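Both complexes shown next keep chain A, but they swap its partner, so chain B is in the first and chain C is in the second.
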Partner chain A sequence: MAISLATNAATDALALNRAPTSVGAQEVHKWMQDFNWDFKNNRTKYPTKYLMANDTKEQFKLIAKEYARMESVKDERQFGSLQDALTRMNAGNRVAPKWGETMKVVSNFLEVGEYNAIAASAMLWDSASAPEQKNGYLGQVMDEIRHTHQCGYVNYYFSKYFHDPAGHTDARRVRTLGPLWKGMKRVFADGFISGDAVECSINLQLVGEACFTNPLIVAVTEWASANGDEVTPTVFLSIETDELRHMANGYQTVVSIAHDPAAAKYLNTDLNNAFWTQQKYFTPVLGMLFEYGSKFKVEPWVKTWNRWVYEDWGGIWIGRLGKYGVQSPASLKDAKKDAYWAHHDLFLLAYAVWPTGFFRLALPSKEDADWFEANYPGWYDHYGKIYEEWRARGCEDPSSGFIPLQWFVENNHEIYIDRVSQVPFCPSLTKGASSLRIHEYNGKKHAFSDEWGERMWLSEPERYECQNVFEQYAGRELSEVIAELWGVRSDGVTLIGQPHVTKEGKLWTLDDIKRANCVFKDPLA
Partner chain B sequence: MTTVNDNSYDAGIMSLNGKDFADEYFKEENQVVKESNTVVLVLKKSDEMDYIVEEMLVKIFQKKNPTLVIQDRGGYWWLKADNSIEIDCEYASDILGKPYTIYDLLVDVTSTVGRAYTFGSTFTITSELMGLDVKLQDVAA
Partner chain C sequence: MSLLEERRRGLTDPAMAAQIMAEIPDQPLDTQRKMGYYVQPRGKRLTEYEIMTCYTQPTPDWISGGLDWGDWTQKFHGGRSSWGNETTELLSSDWHLHRDPAARWHPVYVKAKGEDWRVLQRFMETFSAEGALRTIDPVWRDEILPKHLGALGYSEYGLFNAHSSVLRDCTGDTLRSTFAFAAFDKVDNSQMTQLVRTFIHKMMPGYDDSPAIGKKEWTEGAAYKSARETVETMWQETYDWNEVMFAVHMIYDPLFGQLVRREFFQRLSPAYGDSLTPFVIAGVQTYFQTTKAAMADIYHHCLDNDKNHGGFNRRWMHVWMEKWLPKTVAAMAEFMSVYATLPAREGFTDNASIAASVNRVVEDWIVDYANKIDYKVDQSAMVATIMAGLK
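Now for the complex of A and B:
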């Protein structure tokens, strides 16, 4: 019969050429690349001066099904650990007090970076034309949403279990108070999402992620563990499991433009600008948080920087691209000087303005001072003596009425804020690669701490108009500003920031700050 | 588990301290990047990853590539080697006694310095410039 003949024919054919019983994820990935559009006239909302090639590949061959399964396993493991074993072990309250304060900043500021990276990678999805490249960027959009939640969760977790939750509880409303905030917005927001799309990719993926997430998200877990914090490694190592795909995205951005003549013309300048932009903030801030925000030290920050930034990122990423015309960043020498000294410069200023923090700081102990001098010869004569003077004047005790910011005024050590990076610096005390330069533009004065930022400003002054904290609060008394920007605890009078981390130490209030009569002044006015 | 060679965590200048470190660090010749053909891999500790490190990377891969250094850094394994590091998930599946795909592996691959990619069941991180010097391959459909 006809049907039997057809059935037999089909059975015979399948015996020779068997139908697949399942299809591998990478076969699906390959098949889906055929669902492409004609991008000859790509109309992106986010143009670039570079031409991104139409055949760029994605290194991990991800499809949505495997992506979702992979990420759900990561979340199950992370939240399982946090909500089960770590809670039963009271892990959130076993953290060294100084480190618990450090995590108020690290987790909350990283959350802002992750949030802006959602927009940055979505922008790159729109700019690219190769389907695989788009697929890589799209995965990153979803990753960044996950990371934003994870960072918020770290603050939430500590707000439940850390012995001093103030700051973890309300970081989002109080974080804008101090001078560290606007510099963080420069690297984590402006650097990622404004300007040329490829330039943003270099900032976010090739420098921010491939270079600085290794110290920021990997090395930080060693410091956390050393200081009794098992919460941060659980979350941050899980975050970083997505970062390797983001690093690959950044590398593939370079691959996609490598043969465009514009790359020979612009890429080295864009790379140097991105490197300087990112290092100008991350280098001093991370070094300060690790070394001054910990009781137990892992290794000198300059060694962490030398390993992850100079040797590995420099040699393995940038060095290998040399034959395609990529050069060693011209600002590297100054960046190396910063990696040795700039975090010490920054802590001096951060401690001087401690009332503006949403975290507590502590003067280096005798043990800390010995460690600093052993690892940074010359530290004591330059910085250590100043801390001894501040301690002798009672800077930790509210009854002294002494805020170290007053010492800067008394000794004519003027503090400026670099217009481009928004990082504060004191030209008469700095040992990092900073020196004062001032320009006037449209009737307004602008201070700069280095030639690299100055160059960026000279070519695009309208891009760097952010008002710094001295301009913003000029003429206003410090306690008024703190109260207005929610820098107090739930009693409405005690500051969140404090100049010590001891449980028995007295806590400063708004009245104590008011008695010191510190008034903001713009040094350029 | 640790092998001391040029790829060790504290090799070269990193073994120096204080002024000796500073003198080397600030030398003029060390103010530009130097091309390196090494790769770095960071693996988050987990049941599966600890087994893969001990049974595959130490016992098998390190014999093929003696430049591979593996160090315990608390929450993660830090690996560095010349040229490349590979992990075959079909073999991992055999020794773990359960299905274990490349995407299961990626759950605990925390960071990379170098060009990392997947092909079939193999995860590779290489110093080669994938997509520039060497074409990234698709699996056969």
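Now for the complex of A and C:
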């Protein structure tokens, strides 16, 4: 082969110029859009009604080795803090008991979201046609593996050092027992991976990550540190550094479909559904975990929610996407109503079924009650009195034989579970926006608590067929279910879940539960 | 005001810390402190890899090994489930059984690759300072590397993309991380083929480092027709995630991939004065060996030996052999034509040397892959078929 003059000249120059050089990540990345090639059946295995552009770019222009180097540096800082300074300070134990229990839920449930986001990002990587866009989603696949392991590490760390390791040690096994689990799967698992690929991206990146990671991953670090927990901020703030890439991916997903006029027909409906799906669970659950799962309070959840969900996301973030035809979800105003009372409604139910948890719960203390009343006027008359009654009946003491679930039965307060969100609600006690609707379909009854979920179900009932805990456990005695689903500690008889976190209080056993003779009943049967 | 003073922290604020300490019991409430104590360890005791990875997949018990119960809370339009047994023909008594022999979880994986990157950058600085580019044969540098290292980059990139649906659909957590790391290595490999040429361009500015030459060879060249079509079929036409991984990692890559990477670039580069390409390919081969061990655990240790479904799985693996092996052998035979474009080098480009190369690849594959599932292959016939492509 003939050597070009330019090549010859350059080769000669080498004899004189031997300056050390190497290749940077950007110099490789700039060719990435050319890595693809066209072929007959080059199409995704996960069809979307949207058309993703072939020339979409990514904002974080990384190659594999540079990604690894960058993440490895972050890991060194994180694990260095955890394994050195925090361990020497015994920081894993010096955490307010209620908060240490809260982290059993937060870390494990976030882990599920991160794990499912691996599959979700992979689906988007499959759906995108532009190599840079694929690369952005690939980076997220790897991040989500990282976050899965980081969340697991928080439970792992607390397993070793926290004074109540039960639940941290076995959350992945016992989490399926309680009524909060299925709803968590809807928002953090199936909502990310089952549907139109772009719809899933909207759920994961545009809502889950752009909207709720601020309250979930950032706000939780403030609550954690106030309650003595420096483990969670060390890990979660490291997670958050990757979330920016994911928000950028969500933005680029919208950019990639915006050129298609047909996108306008679907985008805002999908965004509205995704927002309602995510907020329906996160709004009450996060508020409940923060306010009822802490000793020291940071700020009322409703303020956090207004700042990050309503103003920052619904206003600023969605506003930036306005040029692509994106509008704030119509359901945002209804969600705003839920941000005030829904978490109080949920804690009432969560405490009532405390034996099905993999964490200890505690009734609001006198200080808590004062704080609630000061920040949510009217709280005491509606909720506080009920807790006082339960406490007076000995709900914390195994010898009382009283489980608050019995109080609901005695007072004809029926508890339903929303078929679409899987979030439990009690229509006769709620102060939030929930209201009961029941439909019958294929010989089975379905309960709903709001019109947005009801609409989703009416459009596509085949997507929301999951049975709930009351249907699954109907007719079975509570202690049997707990034993079958591993809800006991290493002695084989003491429950992982408990209705108090006091040093002096006795721990409930399977026999205590059996004496209460609670039998599950399906309210729709 | 310092950051520490902005908000009082429960660990460091004396009053808050005292209140917290007063609530902490003197003795732990449970003696079991081992997270994942119910996980069956592969070795004597649970590794951190197993603790972090096992049962992160929230599948119900009707997918073997799952710990959850009931249905999916949201399904695809039309009602297809989130994850399901119907996504693969293979059966398992426990989809959580697999263990990566390298025990890789995320920090372990990125630490190793990050170190590879630093070593590679130091190597490039040394290589350029040494003026080592001067020793590379111009035909190898200007013809072979742009065309064929470039084409290899496309093969690796296509294989990388074959993993996307697998990562979406596979039914186990240890499987998912193994497949993800294998995918990431593949895109890394394709980027490294680009890096070699970009590095030459930086040392020799007249050198064309665009991927266009390799892309033309990959999409239009006769040497890659079967390879390209095989990769395209694995990537976009195969829906069974186990079949995709079996075709990629148990057939195509240990045969075609090894022929091109190890026997062509790794073996021949020194003959043309090229010490750059073997350095980069050595990293690629490290990834190949790690992946090979992990895939052997999945398809040999777990699925072929499955206590309930091993025989059934083996029959399917044989079916896939029948489907993908001829395509791969055809790809290797077509690749033989590349040897004719090389400047002759005794002991490297003569027919006997090339046949020895092909024999090494085929023999390795028969021993490490075919024999493991009792799939009969005539080594001589297979080598002869491949060698028939030699012009």
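We adopt the following convention: the second predicted complex is superposed on the first by the 497 of 525 C-alpha atoms of A that agree within 3 Å, B and C clash if a C-alpha of one lies under 4 Å from a C-alpha of the other, contacts with A are read in each partner's own complex, and residues count from 1 in each chain.
We adopt the following convention: a residue touches a chain if its C-beta (ideal position, glycine included) is under 8 Å from a C-beta of that chain, and two chains touch if they have at least 3 such contacts.
Remember, predicted model here, so these are calculated numbers, not experimental data.
**Student:** Both complexes share chain A, so when I overlay them there, do chain B and chain C fit or clash?
**Tutor:** Result for chain B and chain C: fit.
**Student:** Which of the two partners, first being chain B and second being chain C, lies in contact with A:G315: first, second, both, or neither?
**Tutor:** In the superposed model, A:G315 contacts chain B only, not chain C.
**Student:** Once chain A of both complexes is superposed, is A:H382 in touch with chain B (first), chain C (second), both, or neither?
**Tutor:** neither
**Student:** What is the contact status of A:K185 with respect to chain B (first) and chain C (second): first, second, both, or neither?
**Tutor:** A:K185: touches chain C, not chain B.
**Student:** What angle, in steps of 10 degrees, lies at chain A between chain B and chain C when each chain is taken as its C-alpha centre?
**Tutor:** 90
**Student:** So in the superposed three-chain picture, is A:Q472 touching just chain B, just chain C, both, or none of them (first/second/both/neither)?
**Tutor:** Second partner only, chain C.
**Student:** Comparing chain C with chain B, which touches more residues belonging to chain A?
**Tutor:** C
**Student:** A:Q422 contacts which: chain B (first), chain C (second), both, neither?
**Tutor:** second
**Student:** Contact-wise, after the overlay, does A:E66 reach chain B, chain C, both or neither (first, second, both, neither)?
**Tutor:** both
**Student:** Touch check for A:D126: first (chain B), second (chain C), both, or neither?
**Tutor:** second
**Student:** Go through the superposed model and pick first if A:H168 touches only chain B, second if only chain C, both, or neither.
**Tutor:** second
**Student:** Report for A:T11: first if it touches chain B alone, second if chain C alone, otherwise both or neither.
**Tutor:** The answer is second: A:T11 touches chain C but not chain B.
**Student:** Rounded to a whole Å, what is the shortest Cα gap between chain B and chain C in the overlaid structures?
**Tutor:** So the smallest C-alpha gap separating chain B from chain C comes to 5 Å.
**Student:** Do chain B and chain C land on any of the same chain A residues, and which?
**Tutor:** Residues 27, 31, 66-67, 69-70, 73, 222, 225-226 of chain A touch both chain B and chain C.
**Student:** If you look only at chain A, which of its residues touch chain C in the complex?
**Tutor:** So the residues of chain A touching chain C come out as 1, 3-4, 6-7, 9-11, 14-15, 18-23, 27-28, 31-32, 34-37, 39-43, 45-46, 63-73, 75, 79, 89, 91, 93-97, 111-112, 115-116, 118-120, 122-123, 125-126, 134-135, 138, 141-142, 145-146, 148-150, 152-153, 155-156, 159-160, 163-166, 168-170, 172-173, 176, 181-183, 185-186, 189-191, 193-196, 222, 225-230, 295-296, 298, 422, 460, 462-467, 472, 486, 489-490, 501-503, 507.
**Student:** Residues of chain A touching chain B in their complex?
**Tutor:** Residues in contact with chain B: 24-27, 29-31, 56-57, 59-62, 66-67, 69-70, 73-74, 77, 210, 213-214, 217-218, 221-222, 225-226, 233-234, 237-238, 240-241, 243-244, 247-248, 251-252, 255, 258, 300, 302-303, 306-308, 310-322, 324, 328-329, 332-333, 336-337, 340, 374-377.
**Student:** For chain B, which residues are in contact with chain A within the complex?
**Tutor:** So the residues of chain B in touch with chain A come to 9, 13-14, 17-19, 21-22, 25-26, 30-40, 42, 44, 46, 73-76, 101, 103-104, 106-120, 127, 129-132, 136, 138-139, 141.
**Student:** Would you mind writing out the residues of chain C in touch with chain A in their complex?
**Tutor:** 7-11, 16-17, 19-21, 23-38, 48, 51-58, 67-82, 105-107, 109-118, 120-122, 124-126, 128-131, 133-134, 138-139, 142-143, 153-154, 157, 161, 163-169, 173, 176-177, 180, 183-185, 187-188, 190-192, 194-195, 198-199, 202-207, 209-212, 215, 218-219, 228, 232, 235-237, 239
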